[in-house]
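Next come two complexes built around subunit A: one with subunit B, the other with subunit C.
Then we have the complex of A and B:
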């Protein structure tokens, strides 16, 4: 039960924040918080791969983009002029008709169909790429995943179907059920904030249970020592692969939802720096720390999306990475970091006095 | 494809490849003494180009480049003194995040110093329109500068590592750090030297390509990714492998343009790299142990 207390606290915070934002007449804060929430789904999935299974992935933005672009293409491509396949899709009831920004009626795939297609695509790609890539280790794994991310980015940027440098806009809303829809319409801002919040709460509940299970223990044993885990009968490559695929699905779903929320997607969502920032946030969150990753993910993305730092935004992000790696290499959200200013001052002093006896050389 | 065309592609591939090799050698030098990939390596090249451009406004070109290389090597030393030395028993991932943070910070500081404008050094000889005819293929004289200077750097490094005390001490660190320390080598200072050397090589590479590819505050990251690709392809820590890997990647990219749209150029080299890694997980010339050691 103890595990669910922080989740309840999160739910209470979500409600209080919305109430406070609405009372203060600053509901527009909820827009950026919604986006930050979707990004934190990617980060939570990546925490499982990095913190628990001990495998780095520098290409997770690719899975996010796969979800987003699949949704965007399938829900904006007009099937009215299509061939036999389009006819079949229409007759199977996989399509809906909506009006685009120019007032013209278009027939396109239902967002549910595109969500399913995005998940199937991501699972297949993550599975196929994961088998050879997860055999790599250390820096070679970093390069392999980085390379995969670059390939996806280049395909997105160079292909006419994906809108090249302009991306895809006019993505319609995603009607979930009972009039609730993922859309960027300012009138449904509060509603969308709660959709994102529910997604985050579901994800973290699932992952907290997963890391506490037999699977979670197997993953940690792989992180500790892969050979030893294998000798104990843990099927290491299968576990690594399943976790990789699972985290890719989280990234993909986040991509689908955020694309419907933003009403479009651009190639910057697949950029290498995006993947790098996901990795960095997992690290500053404390690696094997789901709550740390969630808090850092939401806070950093929110501050950046609100544009508090103007043209110094990236500099602040780099500075935060350096600062946390120097002073809090195990993440900020740890009990030992909350023992008053004297302890923190002590730590700062010892870091500054360090002369390099740290095992690097 | 005519012979002239073929030669043109080869020359362009080798030129780009030698720049990638420079970046990869910078990675290798730091990797060999520390076991980390310094993701800020590309930023050294950007800083080198930018500083030389600013200095060339009131200094003769060779002097501006020399001073820029010296200043950037000081930045390399500062990176080690101010940040790498202060890390307490870091994991490899902590060090990677640290250098990514430094890379972002250096790039953004450069943005605020030099703004977003694209700049370039003047051509070392001739102008952007002068060209030399080699068996029917046309190249800019700057290409000869790039090839010549990279050749000199590679040869110079080989001599440095073989015949100087510092160079030998650095090799000792690379092969066995404990044994090196037992021999009385100050391994800490070797890390500083390796950062300075990597920064200097990066800066020089950044200067010699500046007339061809131009310099902007964010030109470091793509170069770092290329350098990392090449270093992995050649086998981490193997500088001869880096040269071979650089030329392989350069040629692949050059010839890919003749069959595929330009937009996919970057993806082609990396696809080939991934296929090679799947078959040989330690790169073309890397040792198996190197790919297993120093994991996360």
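Then we have the complex of A and C:
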């Protein structure tokens, strides 16, 4: 039960923040906080891969984009002019009719169907890419996943179906249940803030449970010593693959929700710099620290989305990554880094003398 | 037929025959030692049995089932567990957590069950914790349960590695130089532990350089030199074996 106390505290904080923002007439803060919440889902999943299983992925923005673009394409593509397949989809009840920004009626896939399709697509791609790529270690794995991320970015950027450089706009709302819908309508700003909060709370609860289980220990044992993990009967390749796929699903779902919230998606969501920022945030968060990743994920994304970093945005995340890798290769938000300024200074001195070591094996 | 049967096992590294047609067997619940000078192929032999290396030829059977060239995690599921010559504990994990990983193959909860923390997985988790604490008590290091594993003194790390391997409830325990780097007192402790482990019904195959330990605890000894088996027998016979004395002490030509 003690474990659920921070989750309850988070829920209370979510409510207090909303109340404060509404009272102060600054509800527009909730918009960026909602977006930051969705990005945090990607970061929480990536924390599992990087912090716990010790495998780096520089391509997680690709999974986010797969979710977002699948949702965007399937919910904006008009099926009225479609062939037999489109008619079959209509008669199976997989579609809904809505009115787009130009007042035209279009028949498109239901957001639930596109969510399911996005998850299936992401699981398949993560699985197929994961099998060969997760055989790589360390820098090679970083380069492999980076390559994958670049490929997805270029595909998104160069494909007519995905709107090329313009992306896809006019994505309809995602009606969840009982009049609650993921949408960018300013009138439902508070509602959407709570949808994102529920998603975040749900995700961190599931993942906290997972890391505190035999599976979580198996993941950490792979990080701790892969050879010994195998000798203890842990199927290391299977676990690396499962956790990679699982984290891809979180990224994909985040992409679907954020795309409905934003009402569109553009190629910058698949950009490699996005992946770099996710990795940087996991590192600042303390690597194997879900709470640290969540706090940093929300705070840094919020600041970035509010434009506090201005045109230095990429520089900030790149700089954070360099700083962390140099001085805190095991991650910043860790108990051992906060034993007083003397210990910190000591650490800085020793790193400058002998150079840093890489925390990711 | 023995519990572990190794027959005609060979493995070369770019022409060097590290293990060369080695055959021997280990009876159920016996303690068998593998000795030999440095470079004799002892650790290679262990890595072949544990699946860390693939054999070029030959067979390894556990209870009659062929296990050669299976990946290590599958061999662990055949009831084989091991320690490493260069200690390989899980870093960033406590002593207790290290041992809890050893319970992995004896437990079932999948990813979904773990994430939802269903009652079944909760009960299993409790059992993992209890059994692991029992194992730490059995090995005499229960007081260190919450320490970071890699921060322990060297001797305790060796004991922890054995505890972790024992937590898998192995039928065959492979110990790769369990007394290397230990003082006389600690070596005696290890010797007692190995005897206690055998009393639990575990079969033990041990590589060791410390002759007092080997002669003290083993029922049988296999001697390797340059990848070949040169002798096998009771400790008393091995001590008198001329071939063994020659490889260990050298002869005029050497």
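The rule is simple: the second predicted complex is superposed on the first by the 309 of 361 C-alpha atoms of A that agree within 3 Å, B and C clash if a C-alpha of one lies under 4 Å from a C-alpha of the other, contacts with A are read in each partner's own complex, and residues count from 1 in each chain.
By our rule, a residue touches a chain if its C-beta (ideal position, glycine included) is under 8 Å from a C-beta of that chain, and two chains touch if they have at least 3 such contacts.
These numbers come from a predicted model, not from an experiment.
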First (subunit B), second (subunit C), both or neither touched by A:273: first
First, second, both or neither for A:200, with subunit B first and subunit C second: neither
Subunit B versus subunit C as contact partner of A:311, first or second or both or neither: first
Subunit B versus subunit C, judged by how many residues of subunit A each one touches: B
Contacts of A:158 with subunit B and subunit C, given as first, second, both or neither: first
Which superposed partner A:325 touches (first subunit B, second subunit C, both, neither): first
Subunit B versus subunit C as contact partner of A:139, first or second or both or neither: first
Which superposed partner A:227 touches (first subunit B, second subunit C, both, neither): second
Subunit B versus subunit C as contact partner of A:242, first or second or both or neither: second
Residue numbers on subunit C that touch subunit A, as the complex places them: 50-52, 71-73, 76-77, 81-82, 84, 88-93, 97, 100-105, 107, 109-111, 114-117, 121, 124-125, 128, 164-165, 168
Complex contact set, residues of subunit B against subunit A: 33-37, 83-98, 100-105, 107-109, 111-112, 173, 177, 187-188, 190-191, 221, 225, 228-229, 232, 236, 261, 263-264, 266-267, 270-271, 273-274, 277-278, 281-283, 291-296
Contact footprint of subunit C on subunit A as seen in their complex: 206-207, 209-210, 213-218, 220-221, 223-225, 227-236, 242, 246, 288, 330
Residues on subunit A engaged by subunit B in the complex (per definition of touch): 50, 54-56, 132-133, 135-144, 146-148, 150-151, 154-155, 157-158, 164, 272-273, 276, 279-280, 283-284, 287, 311-312, 314-315, 317-322, 325-326, 329, 350-352, 354-361
